[in-house]
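Shared between the two complexes below is chain A, which has chain B as its partner in the first and chain C in the second.
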Partner chain A sequence: MEDKFRDKPQKSQSDGDSKWLDAHSDPLAALYSFTQCMTLADLHGDGEHKLVIADLGTGAYNMKLKVYKGTSLMSENTIIDLPTGVVTFLMDTDEPRTPAIAVASGSYIYIYKNIRPYFKFTLPPLPVNATEKDIWDQVREDKIDIKTVKELLDGIRSEVTESGLTTRTQRFLMLAPGDVEEFVSQHKHSPLKRQTVITCLDTLRKSMADDDAVSCLVLGSENREIYVLDPEAFTVLSMLQIPSVPVFLSVSGLFDVEFRIIAACRDGNLYTVKRDTTVVKPSAELNTQPVGMVRINKNVVVGCMDQTLRCYTTKGKKLWTVQTPAPITTIELMDHQRHGFKAVLVALTNCQVHLYKDKYLVNVITTDSVITGMKFGRYGREDSTLIMINKGGGLLIKILKRTAQFEEGAMVAGPPPAQALKLNVPKKTKLFVDQTMRERESSVVMHRMFQHDLYRLRLNTAKSYVSSLESSLNPISSSLSEPVKLSAQVQGMGPSFRMNIQLTNTSKSTPSRNWFLSFQYSEAIYKLEKYYIPVSILLPGLTYSFETRIECLTDKGISDQIKVMLIKEDSTIPVITAVISMPVSEGQELA
Partner chain B sequence: MDPMFLAYSYFRRRRFEDCATACGKLLEKNPYDQAAWALKMRALTEQVYVDEVENDEEGIAEMLMDDNVIASVSRPGTSLNTPATAQGPTSQAVRPVSQSGRPLSGVVRPGTQSGRPGTMEQALRTPRTAHTARPVTSASGRFVRLGTASMLSNPDGPFINLARLNFSKYASQQNVAKALFEYIFHHENDVKNALELAAMATQASQFKDWWWKVQLGKCYYRLGLFRDAEKQFRSALQQQETVDTISYLCKVYIRLDQPITTIDVFKRGLETFPGDTHLNTGIARIYEGLGDLNNAVKYYKEVLQNDNTNVEAIACLGTNHFYTDQPEIALRYYRRLLQMGVYNAELYNNLGLCCFYAQQYDMTLTCFERALSMASDELMADIWVNIAHVALGIGDTSLAYQVLKLALASNNDHAEAYNNLGVLEMNWSHIDQAKSCFLSAMQNGPHLFEPHYNFATLSEKIGDLQSSYKGVKKSLDIFPEHIDSKKLLEKLQEHFSML
Partner chain C sequence: MDPESASISSSNGPGLASAPSAPPSQPVIKKAPELPLIERRNWLIHLHYVRREYDACKALIREQLAETHSMCEYALYVQGLIMRGEGQVQESLEVFQTCSLINPKNPDYLKQIGRSLFLLARHKSASEIYSEALKLDDSDWKTHHNQGICWMYLKELGKAKESFKKALHLHRNEKSFVMLGKVFLQENDLNMAIDVYRRAVEYSSENPELLTALGLLYMKVESYQKAFEHLGNALTYEPTNFEAILAAGSIMQMHRDHDVALTKYRIAAAHAPESVPLWNNIGMCFFGKKKYVAAISCLKRANYLAPFEWKILYNLGLVHLTMQQYASSFHFLSAAINLRPRMSQLYMLLAIALTHLEDPENAKQAYEQAVEFDQTDPAIPLNYCVFCYNNDLRPLAVKQLTSFEQRLNAMRQKNSMAQIDKELLEVAAKIWRALQVGDSSSAESTKSPFVDTQLSAVASQTQTPPKDPATDAESPRQPAAVSPQSNEMAAVDNAPSPPVNDPAILDKAEEARQRATMRQALLSGD
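Moving on, here comes the complex of A and B:
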């Protein structure tokens, strides 16, 4: 019995992928999207769930809202700006119950009904800095010259930081001097507005907890605010300032009764907002950036940039931490309602997706490429489908087998396998023992001999070192005042070569001036394009490159050395010399 | 004395020039004297004869425009082009690699030193010096340089004017044809005409002479038609098994990058010629090229069983023992080489190192001194670097510094010396000098991971995390199992993800 039990973990690890069926794989789907921009919903009320993806296109243009039905693309809508989140929600109580799609993009939320544009919500504008407004007013009336505008705006920037300025000012300060005039004349008559950008989007049921109840939109902005929007009139129901920029939201409860919004923020803290909260304090400090957050019952699981998966209670108490084998790209909740099974899917940069039930790894899916976006839920008519988008833009759909069972705690970590390995330490040979004996017996003689040889070696080395210094044969100058390093390489097959020479001044702060490069070579064999290269200045720390063409004049298949010398202009002795052994010229034999 | 007899006598005494002049005199008297003509051809051929089997180096053109490649990404252990990663007993940290990423061998052979660049640009941008340059094609550079005949101009025109030769006439005369073929192939280095002659001759002998098939194969090999060459060699082997033909066939397979097949062919050859040194050495070389040192050692030992004076086997076994932490045994092997009369700087250098690491200190420096006294300039640099290791071993950093500088003076692009000098400078906290040393080491030794790792460590110390990250990435590209690099990378990742 015991043996059988021990075998189990290995087995479940190896057949990790066998719990999933490959339903569809399109490596050329060309999708560029993330977990937040993917959602699954029954858009037409026909019981068939569709996949809604906000595609980021190239990141600059070609942003699209794509709806997939089964394995094919059903519809495409162009989005103006980069999407930051997609959710579906029920706006009203009309029959049939078809949800609307909300796409957060820039400072707007676009609402689609029946996959057609329906409404655009704009975030309320922010107050504009008074001085900034003043300056632009003056610009409009041409009372001020553009250079002063730039200086003044720059001044404001240092006061209120970049995010306190309007986009027009931000853009203006980024422009090259040549483009400024045109920009000003184009924009000076339009009213000055300061808007913020939506960073994350989620839904919150309004008054009933049913699956098909009306939901409010919850969104976080770059201006460190969280808004709750009314689903019918699109008015701001509630607004709250939090200390940092929210990047992931986790929402639970009902708006009219009691709700709790947990926001993972860019400063690495979790903040909790409740219905009656006025002052927000961090509920948990991560000390690292979050890369994803999901809620399981009353806990939140946060994937962090330091390769950890952490679980916190809603109150902010840490329950556990798991170290992942590679950095996390995204995480997603796997809610298998029929089995009552909730776990976290964690995509890693080592092309694997790990499934964690609590803190136990229960399944590993291996993919061809790094997964950037995942969604688990009902797709088509299949309840438990996992949709993945990889880094190369491929779309992968897997279906969980109905018979699949995940064993909790199946993959327990034992002692690492390296512990069982034996090191290959060579045995001490008899020869070694004999030599040690010799060493022990005649240690004094050996030591004396060695010391004697060492003194001689030191002397000889010092002698040759001095002679190499005198003839400046070294490619590194050792003079304390002007340390310079020379390196030279030869490229080409011949008969023409190119010699690249790099000079580096390795001193701390003193630039060296007035050098020149000269060459010594056999004129019968080589012809140099430049035999004198002036080097006016060498600034410390920079590498200067010089080059010259070398023509090989002989076809006898012989080669020679070329000496490169760096010489001070008023001196006759080179400071450093590099000797280049030229390769044999082969070009003529080919010709 | 009969002048013909005298010419034969010269030929047997390997006085080929005298033989050629004697034959020339005979031919002046009687231009149709076939015996003299054939003898002169053989004499001229012998002057420039190069062993085809051993001498082979892939040129840049063959390497990059290789249209025989079957899989561009081959499975580990099936290709000589992608070195196996850390197979066998030693890792890169212990046993240094050559530029091709293979563990250092005990002897220098064509193809053991230079690497196989990935792209044309890389090949052309690699700095070339006389020490590192690889020929453009093996058809032009190398053979012309080795067989210098076509470089020397005869005062009264070439001995035979190939353009005016009637090949079909000579092809049927078996006694002259073979000498003529060798003359054309080796002396004139004219593979096309040689092929024509061989094709006619093999036809004339009704495809029954294996010798002509081997020659045909040699011609096809030179022309880069490896599949045709393979057919000829295979067919020759069916008629007559010789070690030479087996070696040629293996050469073809090596060029086709099929090391496993090569080993098979060698092993089948060993069934006919059990214990043949050449075949065993061939197998050992392939295993060495694949990085499978355990098997390589096994076959080198086999070689020594049959020929206990084989220099290559002794040297390779010595090197292997040295790098598997048994310098005392390596010392024995090298001493054996010395007893056999091998007397050069490399050997003394190795003896010195073995003595030092086997704690026989009294002999160490004497050996190095000898090595220095007979070393060439490039070798000198290597010896100085090894002396620097000894100096570091006894803790004399200033001596090590001087010695490394001397190494650089004798060879300006010695990457290892630059790297070690950089480490010394780093320890003395001369940051800028150390940095530029590491940069030079990277430039000159693209196969070394040490300068990248050292550069990364230095950058990390002075707070330049971005450069450090780049350096450590490169180091891990070259040596994926390097523990210190991995640790540094972990540390950097911690830094980057910290808030």
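Moving on, here comes the complex of A and C:
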């Protein structure tokens, strides 16, 4: 038999990871799928394993069941609704031993044999509220007015809540008044059903533990139930209510002997269901949402939304927790039977897939895009193949080298590496040492000198404060009789500037009259357009603007201060003064 | 294989698609299109949500809500969770309220409303909502726990305790233990808090955070042995736990085990290279090892990072005093005094600096202040006594010496195990002799040796004082603790988080903050 798949392996190695061979990569596969919608099986009993992927298409239409053989797509079947999960299982003891494919979708399970549609199983309908049924019965016989129907159904809704109603009632209540008639006439003759949605799917061997033994289907529903289905008659063998909606299932054991189903639920708890369980209690509280769950021997490993990978015993005791460097997107079991090696593959949002053996990271695969679905197992004739689907829809297939060995427990407890690092103590220069020596020798003199200078500084500060108070060198008038505020801005790059001066009379009621603005500046550097601005009146509360042009006369790149003074006409001391540091003229005068 | 006849479609795949949803058992003449279930895409929404593929999730929710006229509970619920995770708390509140209108019997929605209200700091309304939720479902410890946190913020400590105890009764969990411990701490009931943490540690013996918290509490009540034990355990489980390293290091420093402390600090330095208490402690380690230049370097870095931390200034003053850089020492000490004007040890050091700067008048004043502010530390009157002796103030010297004796005795009575520095006793004996024997002629000869002993007495005194920073530790903690509002704000900032475990995240943020302040208080004074 032609085996393209085996001939292909390219020797190129991805990102320094020498344990895996790149077998195939199809970035344009356009797959929208998840770990639970992928499976590997020998569909034709010819010893060559195929890859089965339920593709969600665009998420609204174009849903397909795809079967890959080697590097090519072998067949495609359309699925009507979004596929929730795919498993392969043996439903009978016929030869050749070819497994059937089960695709969960909506409230149905579609069974395919030889990749051909074979059977459709419908979840048993849920009980319908008696009054609700009654109302619709009356509708069918046209005994009741539609308006009354609406009112009655509304009443039931407030009683049993939205989720307790049939879809027909829910839709009916959503309708705009104009569409009601048509809806009723269209639907009144079909039987009233209340259905639920399958949320997860798995298999459970029926009576024998062999690899090719007949298996039952296990499924969880939106109505918080777990069903076990008989593989031949498709009847419900067992049904159990659990407290929350199951998201992931982990199944072990034999249905006829003893089995254990662990369900990770939307309330962040793990629930365990056994053969004789009647009331389900949480076996472990995650306190966060599970992102994936796999079983390794007797333990379950759960990837959580808070970037942790946790291991619990089946009894719910936490064994260990590992923090992952990035949020987890999905996890998958790597069961390398020949080496007896079991580990967990964890896909992260940083485009890496980490391989954890127990709590130790043993291998990292780097990919180009975030991985959303993974499957490890036998594909073609190669025992250890890793199939990955990335966010962009690309399909990646890697083969584990036969010589690859993963070192277990490479981490040895010991002091963290940081302990060996030297402390970054700031260095001191020779100058520092010299200064120290000098201080030691003459600390008394230094101290006295410092104190002396400090007093001088304080004295000077006080002096200039007093003098500024005396000569009104501050922009806010301190006199109580004429409170005025002055602010000035300079605009422009130079050589010509404009100065805006704003005056505000801050008194409550007294207007000020007969003032003027004057300027003090160096005539060698600046020329002012107006050096005298009369201010006839300042009414309280208003802001007055005055402006003048200033020419910078020098091109030497120097600047000076200009003092703006507000002076009373009959006085020689300014009321207030603003000192403005002019910017350096940056512009060139136009020649 | 009995149902075969009913539903086999013998054509290939597309055939199955072409005869879609007709229920096989129904002999339909005029068949109605099957109505899509409202909850049919819940699982996909959930899957995208847990993978944090929020964009895909939001698009899906939009589609789903448009299709169901916003009647799909679960889509709304996840929308609320995403909104809250992205910081739109108010909007998330409205969404959850819609959920609760659609299905008033689901306590989950009430819990999420409570959570959003809590994040909006509307603790009272949140607590009321939690009560409602409890009416629907009394068995959820998380609701009790969250309500307890609300009570805590409302300062209803009694009710808070009750809620946490209920939560613990329903489910023993670390978070409720931690919060209960915090309530006791708010009541200043250290012993009960320790008790609670001890039970928590018994329940979860490998949680480094709990062990550290317990260790710090033991440090607060000064049982250093137990504290060290727990901190050591914490470090076994998590060798890089910053708080535990600092606390354990400080205890090692108390026992003058500077080298070990330094190796531990190396780990911490890699973790938080700009931590103020860390550099302060490293500096004091070097000081203990008599590597003064390194000590000054580290302390100056600490001072650069936290210029208003008086303890660093105190330490800098002390180190410079030892280095005989009296002028610099004076500056650091006076800066420290400006920040903490009632700390007697600071005045004492200042007085010593001033003595060396030949300013006896101010030195005497500083001593007077020091003696006035502190009534227990025997070193102060002793140093004062030496000073008086050197400055020929004999009667005052005798008075201070008696005061020293009294304080020493008081200390011994209070705690017979108290270690009294040998150097102190030696100096005391010397000065005693000098005062007894000494007349003015012999004073001349004894003068110079005393200048030395004086210094050494001081230095040794200040090297030891794990005690005085510890007792004084009470006050610097307050500035941080007094502003619970800012803490709360920060908590809200930290809030965007996955839904189920949010109380923990909130708590942690706050706890870390509190612990940080506590650590500073406990450690930085060495």
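Methods note: the second predicted complex is superposed on the first by the 352 of 591 C-alpha atoms of A that agree within 3 Å, B and C clash if a C-alpha of one lies under 4 Å from a C-alpha of the other, contacts with A are read in each partner's own complex, and residues count from 1 in each chain.
Quick note on the criterion: a contact is a pair of C-beta atoms (placed from the backbone, for glycine too) under 8 Å apart; a residue touches a chain by one contact, two chains touch by 3 or more.
Note that the structure is predicted; figures quoted are calculated from it, not measured.
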| item | value |
| --- | --- |
| Partner chain in contact with A:Gly268 - chain B first, chain C second, else both or neither | both |
| Which of chain B and chain C A:Thr313 touches, first, second, both or neither | neither |
| Partner chain(s) touched by A:Arg456 [first = chain B, second = chain C, both, neither] | first |
| Touched partner set for A:Leu423, first chain B, second chain C, both or neither | second |
| Partner chain(s) touched by A:Ser468 [first = chain B, second = chain C, both, neither] | first |
| Chain B versus chain C as contact partner of A:Thr93, first or second or both or neither | neither |
| First, second, both or neither for A:Arg440, with chain B first and chain C second | second |
| Partner chain in contact with A:Met305 - chain B first, chain C second, else both or neither | both |
| Chain C versus chain B, contacts on chain A by residue | C |
| Chain B versus chain C as contact partner of A:His187, first or second or both or neither | second |
| Chain C-contacting residues of chain A that also contact chain B | 267-268, 287-289, 305-306, 327, 424, 426, 432, 436, 439, 446-447, 450 |
| Chain A to chain B touching residues, read off their complex | 267-268, 287-289, 304-307, 327, 424, 426, 429, 431-432, 435-436, 438-439, 445-447, 449-450, 453-454, 456-458, 460-462, 464-465, 468, 473-476, 478, 483, 485, 487-493, 497, 504, 506-508, 540-541, 543, 556-557, 559, 578-584, 586-587, 589-590 |
| Touching residues (chain side chain B, partner chain A) in the complex | 60, 89, 124-133, 135-137, 140-141, 144-145, 151, 324-326, 328-329, 332, 358-362, 364-366, 368-369, 378, 387, 394, 396, 399, 402-403, 405-406, 408-409, 412-413, 421, 430, 432-433, 436-437, 439-440, 443-444, 493-494, 497-499 |
| Partner chain A, residues of chain C touching it in the complex | 1-4, 7-9, 11-17, 20-21, 23-24, 26, 28, 30-33, 35-44, 46-47, 49-53, 60, 63, 68-69, 71, 73, 102-106, 108, 171, 239-240, 262-267, 269-271, 273, 282, 286, 293-294, 296-298, 300-301, 323-328, 330, 356-359, 498-501, 504 |
| Parts of chain A lying in touch with chain C, wherever the complex brings them together | 34, 56, 59-60, 65, 75-82, 84, 92, 106-107, 110, 112, 115-120, 122, 161-163, 167-168, 170-171, 173-174, 186-187, 189-191, 195-197, 199-200, 222, 232-234, 245, 247, 266-268, 285-291, 305-306, 327-330, 349, 372, 415-416, 418-428, 432-433, 436, 439-440, 443-444, 446-448, 450 |
